[in-house]
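Each of the next two complexes has chain A plus one other chain: chain B in the first, chain C in the second.
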Partner chain A sequence: MRNNTFIKAFTFLALSLLFSLQVMSQEEATEEKPVARPSRPAFESGLLFDNATTTIQAQKTLEMIIQHRFGTMDNGISDLYGIWAPSNIRLGLNYSILNNLMVGIGTTKFNKMQDIQVKYNILQQTRSNSVPVTVSLYEVIGIDGSAESKYGKNYTFNNRLSYFSQIIISRRFNDMFSLQIAPSFTHYNATEHPVDHDRFAISVGGRIKVSPQSSIILSGDFPLGIQSISEHTEAINDEVGIAKPNICIGWEISTSTHAFHVYIGSAQNILPQENMVFNKNDFFDGNILIGLNITRLWGF
Partner chain B sequence: MTKMKRKSRFFTFTLGFILIGISFSGCEYEFIEFDDTPITTEVSFKNDIVPIFNASCGFSGCHAAGAIPPELTSERAYQSLFSNNMVTANEPANSLLYTSIASGSMKKYSTAEQTKLIRAWIEQGALNN
Partner chain C sequence: MKKSLKLLTMMVATIAFLTINMAMIQKPGGPWDVPAKYKAMKSPLKANDASINSVGKELYNKHCKSCHGSKGLGDGPKAAKLETSCGDFSSKEFQALSDGELNYMSIIGRDEMPNFEKKIPDELDRWAVIGYLRTLKK
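After this line comes the complex of A and B, so read on.
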């Protein structure tokens, strides 16, 4: 209960602060006549492997997303390094209501997860550097479509819900190099003992552009084991451990309407809350897999 | 204040309320509790076990026909489990079907309830009933 109150208070304060800042910046903007030109997006698409970036496509743009994760390479040639192993896939649609507001839906194979996403840019980096970073709020609500029996004898629909809330801060340093850092909070309404319901994590990502259409991209998601918000003793947490970091490195090819990622990573779950709480694949232990992302844009 | 800025502020507040609302109203803290009373009734392969395979295993790319063995389609699941040495009747601990879903690589695709049913079916002799 104490943890519950702490989390709610933290979330409330963080959101209040962010929206206060946004309102203040808007009020200040009313006094400035010349509007600073926004910089070009830090990343080519709204996706960076399993993560979101601060990039939101132009207003009235529909983005179709296909994310595919093969199995891990542990079994070597016997399953062609994971290509013949059970794979995960997500199909998604994102629509930009405004230039700084995107909503999306998606469906994922593992656990039959359905998701609703909202991304909102509260600050946009400017070319003059008067605003040095782009800041996004990103929320993913997941609905687990597994059989009721997964939730035991006290099943209610709310057991299926999970929430992923993230603040993404990115900076485009120059045409070649962009970086982002993104603290996040994940909550599952129902978990099996001894998995905690809450998990803070920090994600970092970057892009190094090597040609007009190609970039090397990398990212890491690092779930944090914070004992003070855990529902279990330190001994239990030491025994069970937390989700493994999701490390990804890959190649991005992008055009004005497409982005294509091919990469090696460690998490297979695709949805960020699933990766932050349940990823058991250790990149440095060889539990790596091949992933593909494809996005396609349509303007209306 | 221009109309555009009012619109932007409206969206800011609306989104803020939605996010704050979600963080306050949606969160619950439930630990899943399973019914751990042992199964004493007869478990039917056709009516109890095959539906588990249909719901969780027999997808294309997984254990569908022509994919990764064993084939867990309704028609061939029983024969395929035994021809691939996945089941030792009466011995769940020596049955790869059970160990892989109870603690192995297939654990993430199965629920505790499904695992319990498969254990009971093997303990009852793994019949094609």
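After this line comes the complex of A and C, so read on.
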């Protein structure tokens, strides 16, 4: 059952990719037509808190990413609202091979997660609205670097792997407002009982530009509890529950080579698959934390 | 002893002052060698085109302001660290340059002036920036 769902999700992604290639080849065949002006990017950075956006930097651009999540504010002034609490950090490098293809690697403190990422834009919004949205395929492969003892007696390297597959659909409505919606599928090769190996989720994100360089940014990741793909009975699922939504609201400042995010959010795990399956912090219960993202670009 | 200490302090302060001031002296950029193709270019945007104060202003603030300053006076926070003066976009000399010359200087660049072909890939967006530079005249 579990494998079937996994295969279906990947088949869907593969078909989307083939469809996009077909569209591209059709476009090549009709070369005489004037090229539609691509819309300016919906988001300044390829990053929106813990999520990806459809923005891919120009070809041959290297992007360094620093993501920092303080602890939750639950303990109040005793740990300076989470600033003195254990924090999670990810360092990443993304490289744009093409204007619509990015690859990346990263390392995260919690669970010593290593990750490999690929993002490919299959459709680009145009200013004439002949293509109304930008569509990206996004894949993150995570490798948990925790001690072998975490996986018990039947340990194999495969136990460490997790996969996050997402289709991101964004639209830049005008110079001020952009929105994206992103269904995703997460699969862990190994989880502890009673956590399901598979999880569908929906993410939404938005940007409201308030000055030429500053924006208010928002996002929400909503893991879906779909009983038909669960490995456990409804009673167990009701008792254990699924990961809590990751809600984030913050401020973005972007310059020619940098983007900064300062925000309040609920998840501390950074990698999307970790948030979709393991986030226990409930934003509306006050389990919130301060997060920071910094990106730096170099062109080659 | 006190006199020697005072003398030494004055010497250190003088050397520090001279060093900082010498470091801050910037060379003028010198004439640009703009290809004929660019010299002949004219902006397809009219002076009142809406994109100048939206797209042009936004891109100027994102890519140019940190060196050239919010009013183009060459007084942005990074300007003092450059070896070459950023110039004054509000001056008559600058505004007398042709659209094409401004396009080449702004987008292609040279030495410390970066190339923006990748960061501003759309041709009309580039002209919107040039249009915005025109609004900075005194």
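Assume the second predicted complex is superposed on the first by the 272 of 300 C-alpha atoms of A that agree within 3 Å, B and C clash if a C-alpha of one lies under 4 Å from a C-alpha of the other, contacts with A are read in each partner's own complex, and residues count from 1 in each chain.
Rule of thumb we're sticking to: a residue touches a chain if its C-beta (ideal position, glycine included) is under 8 Å from a C-beta of that chain, and two chains touch if they have at least 3 such contacts.
Because the structure is predicted, anything quoted here is derived from the model rather than measured.
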(message) A:56 in the overlay: touching chain B, chain C, both, or neither? Say first, second, both or neither.
(response) neither
(request) Give one of first, second, both or neither to describe whether A:254 is in contact with chain B, with chain C, with both, or with none. (result) second
(request) Using the touch criterion from the header, give the chain among chain B and chain C with more contacted residues in chain A. (result) B
(message) In the overlaid three-chain picture, which partner chain does A:163 touch, first (chain B) or second (chain C), both, or neither?
(response) first
(message) Let me test your reading of the model: by the given contact rule, A:201 touches which partner, first (chain B), second (chain C), both or neither?
(response) neither
(request) State whether A:118 touches chain B only (first), chain C only (second), both chains, or neither. (result) first
(request) Would you check which partner chain A:140 touches, where first means chain B only, second means chain C only, and both and neither mean what they say? (result) neither
(request) Mind listing the chain A positions that touch chain C in their complex? (result) 37-38, 40, 58-61, 175, 211-213, 254-256, 299
(request) Give every residue of chain B touching chain A within the complex, in rising order. (result) 1, 5, 8-9, 11-13, 15-16, 18-20, 22-24, 26-35, 55, 59, 61-62, 68, 108-109, 111-114
(request) Going by the contact rule at the top, pick out the chain C residues touching chain A in the complex. (result) 54-55, 57-58, 60-63, 66, 114-115, 118-119, 121-122, 124-125
(request) Sort out for me which residues of chain A touch chain B in the complex. (result) 4, 7-8, 11-12, 15-16, 19, 22-23, 26, 29-30, 79, 84-87, 98, 101, 109-110, 118, 120, 122, 137, 139, 141, 146-147, 149-154, 158-159, 161, 163, 165, 187, 189-193, 197, 231, 278
